[in-house]
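Consider the two complexes below, in which subunit A is the common component and subunit B and subunit C are the respective partners.
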Partner chain A sequence: MTAIPADTLADTDAFIRISGLTKTYHVRPRFLARPRPLAAVAGVSFAVEEGGTFGLVGESGSGKSTIAKMLIGAETQSAGDIRIADRRFGPRLSAEDDAWRRRTLQPVLQDPTSALNPRLRVASIVAEPMRVQGTQPDNAAYERRVLELLEKVGLTAAHANRRPSELSGGQRQRVAIARALALEPRVLVLDEPVSALDVSIQAQVLNLLKDLQAELKLTYLLISHDLAVVAYMSSRIGVLYLGQFMEIGDKADVIARPAHPYTQTLIAASEPENAASLDLVKGEIPSPLAPPPGCPFHPRCGQAVARCRTDKPLLRPIGPNHHVACHLAGQIAG
Partner chain B sequence: MSEILRVENLTTRLSARDGSAAAVDGVSFSVHAGRTLGLVGESGSGKSLTCLSILRLLPPALSQAGGSVWFKGENLFDKSPRAMTAIRGGQIGMILQDPMTSINPLFTIGDQVGEVFRYHRGVSGRRNLWARAVETLRRVHIPAAEERVGSYPHQFSGGMRQRIAIGMNVGCEPDLLIADEPTTALDVTIRLQILSLLREIQAARGMAMILVTHDLHLVSRFCDEVAVMYGGRIVEQGPVARVFNDPAHPYTKGLIGAVPKIARHAERLAVIPGQPPLAGEHGAGCRFAPRCAKAQPRCFSHYPDDRRFEDDRRAVACWVPEGLPS
Partner chain C sequence: MVADALSRREPAVAAPRRRISLRGAVRRARLVLALSILALVVGSALLAPWIAPFDPNAMDLGNALQPPSAEHWFGTDQLGRDVFSRAIVGGQLSLLIAAAVVALAGTSGTLLGIVAGYRGGWIDGIIMRVADIQYALPPVILAMVMVGAIGPSTTNIVAVITLANWARFARVIRAEALSLRHRDFVLLARLAGASHLRIVLVHILPNVRNTLLVLLTLDLGLIIILEATLSFLGLGIQPPDPSWGTMIADGRGYLERAWWTSILPGCVLMLTVLAANLLGDSLRAGNGSEEAR
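Moving on to the complex of A and B:
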């Protein structure tokens, strides 16, 4: 494992600090074949300031959801460090730390239909985490709190008695957000929260998430394949490719001065009406079972030179709070 | 520029529901050789149903009602089922969001792409069919086509499978290709490769194309004309650049404003309040009226007629369109 330069965000500002995070799975490429290591996340470091939004953007297989799973404790990291508010979360956890993390971090996932129990009514769905933790003294208090939460996400008492099947996709995602807020978490891990929604509903939910963040001082880790969604929501952005950061920095820098060819490609591909050429990128994402030597992006990069095929570029600073893993960064026009 | 497809007053009813509400309600448009029409709308707006109606591929729960579909001067609604089978895959191709809905996982790619030539072109013999398949796979840029022709679908990536589905549908040089969300399931970098491929095939053959999508970015890059659907109706249509730069319907305007842009540092996205109507569930008036900031009493009681403007190249169905006298 190569050395990973620390993110430049000052320690005092960081609520979440992740360093050298790695997840390696062992998979059989074929039936009865010898298991081979698959590095879904290969040494990722970043920090999220309290009340800020860190946006993770990448295509399928880039490891973005694996990072989210390790953060909420659904997966255990193979190596690396997760710190949330001065607590360390490693493979072995005290029950107290585990319970604390479950209260403090809440996930909101892509598909609210599969995240909500179809047989329960909205009121029970939203109340469930509170009942598990026993946060309220009596039934009337649970009811009051449920209504308060529904109101917060733009729903009304009329929705409380419905089942998920009686709601639209946007309303279901609002219920999922209300449930995530039930335990007064400080962090929401948003994994493709609007990808399943229609354009007009997407905007409503994104604005709601912004309002909630301002009102409740929430910290967000936002995962999306949609760079426009990430740019709209985030203060900092990390661009992932095959489990590694290609570029990481403040939103303004990454969007306005993208230094990595992959970031430039993603921007052009997301808004092709502005792209000069459609011949943006060759081939497909390589198999993480056989990652290319050198820079993971070099087989698809239009600007790769001999060095890119052999030497793996490390993240290096090219501006305050702006790091890029490319040998050529600074030499290619953004 | 010859007209390949003209859809007139297409109406598709959901027979399962009471009162047989129209899920596609009086849709009219035409597509010309070498041109691409973008059909845009949110879920339930009727854009996929429109395509299925054109090809007469409706699920049994739906029954056809009215209108006509003129394909190269002949009404498809007058054709026998057998004639339709010959047209589908031969003269009209259709590509769906998930290529695995049109590819059989149990047969090799060579057998399946070859099948198209056996059925529509009368080619026989496995060797001949595979040769045609290899040719087709090359056309859609599958690397090492001779070696991959014997592979099974699961041995290809999602992007490659979509290329294969495209190959199966353009192998017989159709005059019209209907692509229903062909890149929605694909990564952004692959998305452009697939659309560039479709455009390359279109340019070579002057094929007409309907691209159904919810992605306005793709429409503005890849389409010549756009038709915006809402609640089973086309609310606005015209040349892409004109419609997007100067939307006349409040829904089109709202939709454009609701899409986040990478470089525009918006503090808040413009929002269309409320939610789209369920298929067939709406009043007598404009379907968008309940969500429209400009709605007037008549918007709720009477559906607006299509208004043509800009030399008849554009049309809008709105009582109070932007930039036009109401």
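Moving on to the complex of A and C:
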């Protein structure tokens, strides 16, 4: 996994810088079989500028949630570097770094039903990170802060005494966001923040996230399988496939001038008039236990040539801040 | 025509609603029945010294094996003791033992189950293997060995039955804790820096509470039966103190001449266990609808 070109963002702009990030699990394909390595994330590098939104898009199994887990500290990377504001986060962390990350980075997860303890009231859920960290002097201060946070996400004091089961899906995700904001983080890691919600609610929550970003100068890492969501929110986009970037670049480039056949099919699939046709991409994502030789996408690629089956394409620049891992990029019409 | 079709369709809509409310009424009636039986049994056990019409151990050989009458509601046994008074006083000890066991086995089983499920790894392995061993041991044989070794006493009976019952709690609670551990709110609490103690107290325990309540009431019946079995075999409460199990055992020899000496205490035992099981079922049904909401 050498020679992965680092993202070309100037160092000074990057708040989060990730290079060569790899996560390998060892799994037994069958009962009592020898464990085999499974590369969920295979050498991923990107940078997120402060106040920007980096969108990670890919199918399920592409490794996008694993990246989020390593970033928030729920998993440790097998290899590679995570830097957040010039602090390094590796397998061994000082208590101070760990506490700093806890304050600086907050996750918002996909399923608000699972993220909220059904036995607790909204006020206790939102207050939990502050209570654990002991950020406020007394109960009255916690209450004030909870109300302030609920207002920020468009809820009212009336919601504070409800239980999650008494809220709608959109309200639950708002509660989850309020909780994530409790410690005044600088980064939100949004792992499929709207995919569990009704389509009509998705736009509301996305707009709320946009408003909060502008108001609180937040940096977002947005993970979604939905290209439309990523395109709406992000300044930069990385397209993941089998734990590797197929294409990474500014939103305008990736969406308007996609250079990788995989990105092109994703965009075609997200257009409403193509929604009915299921044969845009052949087959399913291959098992990461037995990744295909050569380009990981070649078994499903309509434009694959002989070389794609043997040579693994590396990310290479095809424009300013625009990298593609495809032998044919620049030759095929985009 | 349209009105006709509508009126014909109406019952189809109304019928399920009526059936559900009927089911609700049955469920409520069952709950009330269970609670009133338990209240009656527990109440009379608590008030035994005042409401028992006779001294439960007072013998009156001239009055032996009398059938139920206005004076002796449940008749008298082979020593002329009042069966009704003995059934009430016997309930006192049986329920005391059951309560003690439910408290002890419930607490220890829940604790071990949460540790096993939440912690996982080798600790989980050890606790669950010990539970497996306990499952493989028939409680009556365990009781015979223990009582043979340390002698019968109320404390020993409680200890034996607790040993025979903690594993059921541990298993069920472990399974719940295991699934809760992988819920996102536990991950988020951990990422927020919450201690394991806080996670268990705030996020795990409140979420197993309903299961635990059902388990406790359902177990109550089993424990009462196990205590009666031990007493029946002479391994439990020792004569002359009455207990439902010893009374059934004592009357065994006189079943043909005086059925009431065994059957009536047996009925009290059966009713109590039935009420505990009904209560457990009602609680479980209540939980189900709450989850569905």
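One rule holds for everything that comes next: the second predicted complex is superposed on the first by the 327 of 334 C-alpha atoms of A that agree within 3 Å, B and C clash if a C-alpha of one lies under 4 Å from a C-alpha of the other, contacts with A are read in each partner's own complex, and residues count from 1 in each chain.
Keep in mind that, in the parts below, contacts are C-beta pairs under 8 Å (C-beta built on N, C-alpha and C of every residue); 3 or more make two chains touch, one makes a residue touch a chain.
For clarity, every value in this text was computed on a predicted model and none was experimentally measured.
Undergrad: Once chain A of both complexes is superposed, is A:G170 in touch with subunit B (first), subunit C (second), both, or neither?
TA: first
Undergrad: Is A:G73 touching anything from subunit B or subunit C once the two structures are fitted on A? First, second, both or neither.
TA: Second partner only, subunit C.
Undergrad: With the two structures laid over each other on chain A, which partner does A:E215 touch: subunit B (first), subunit C (second), both, or neither?
TA: neither
Undergrad: When the two structures are overlaid on chain A, which partner does A:A269 contact: first (subunit B), second (subunit C), both, or neither?
TA: A:A269 sits against subunit B, while subunit C stays out of touch.
Undergrad: More residues of subunit A are touched by which chain, subunit B or subunit C?
TA: Touched residues of subunit A are more numerous for B.
Undergrad: Tell me the contact category for A:A99 with respect to subunit B and subunit C: first, second, both or neither.
TA: Only subunit C; A:A99 stays clear of subunit B.
Undergrad: Does any part of subunit A touch subunit B in one structure and subunit C in the other, and if so which residues?
TA: Touching subunit B and subunit C on subunit A: no residues.
Undergrad: State the interface residues of subunit A toward subunit C in the complex, per the touch definition above.
TA: It comes out as residues 72-74, 99, 102, 107, 109, 111, 114-120, 125, 128-129, 132-133, 165, 179, 183.
Undergrad: Which bits of subunit C are touching subunit A when the two form their complex?
TA: 183-185, 187-189, 191-194, 198, 202-203, 206-207, 209, 293
Undergrad: Could you please specify the touching residues of subunit B with respect to subunit A in the complex?
TA: Touch residues, subunit B against subunit A: 42-43, 157, 159-160, 187-193, 195-196, 214, 216-218, 220-222, 254-255, 258-263, 266, 268-273, 275-276.
Undergrad: In the complex of these two chains, what residues of subunit A are touching subunit B?
TA: Contact set of subunit A toward subunit B: 59-60, 168-171, 198-204, 206-207, 210, 225-229, 231-232, 255-256, 265-267, 269-273, 275, 278-281, 284-285, 300.
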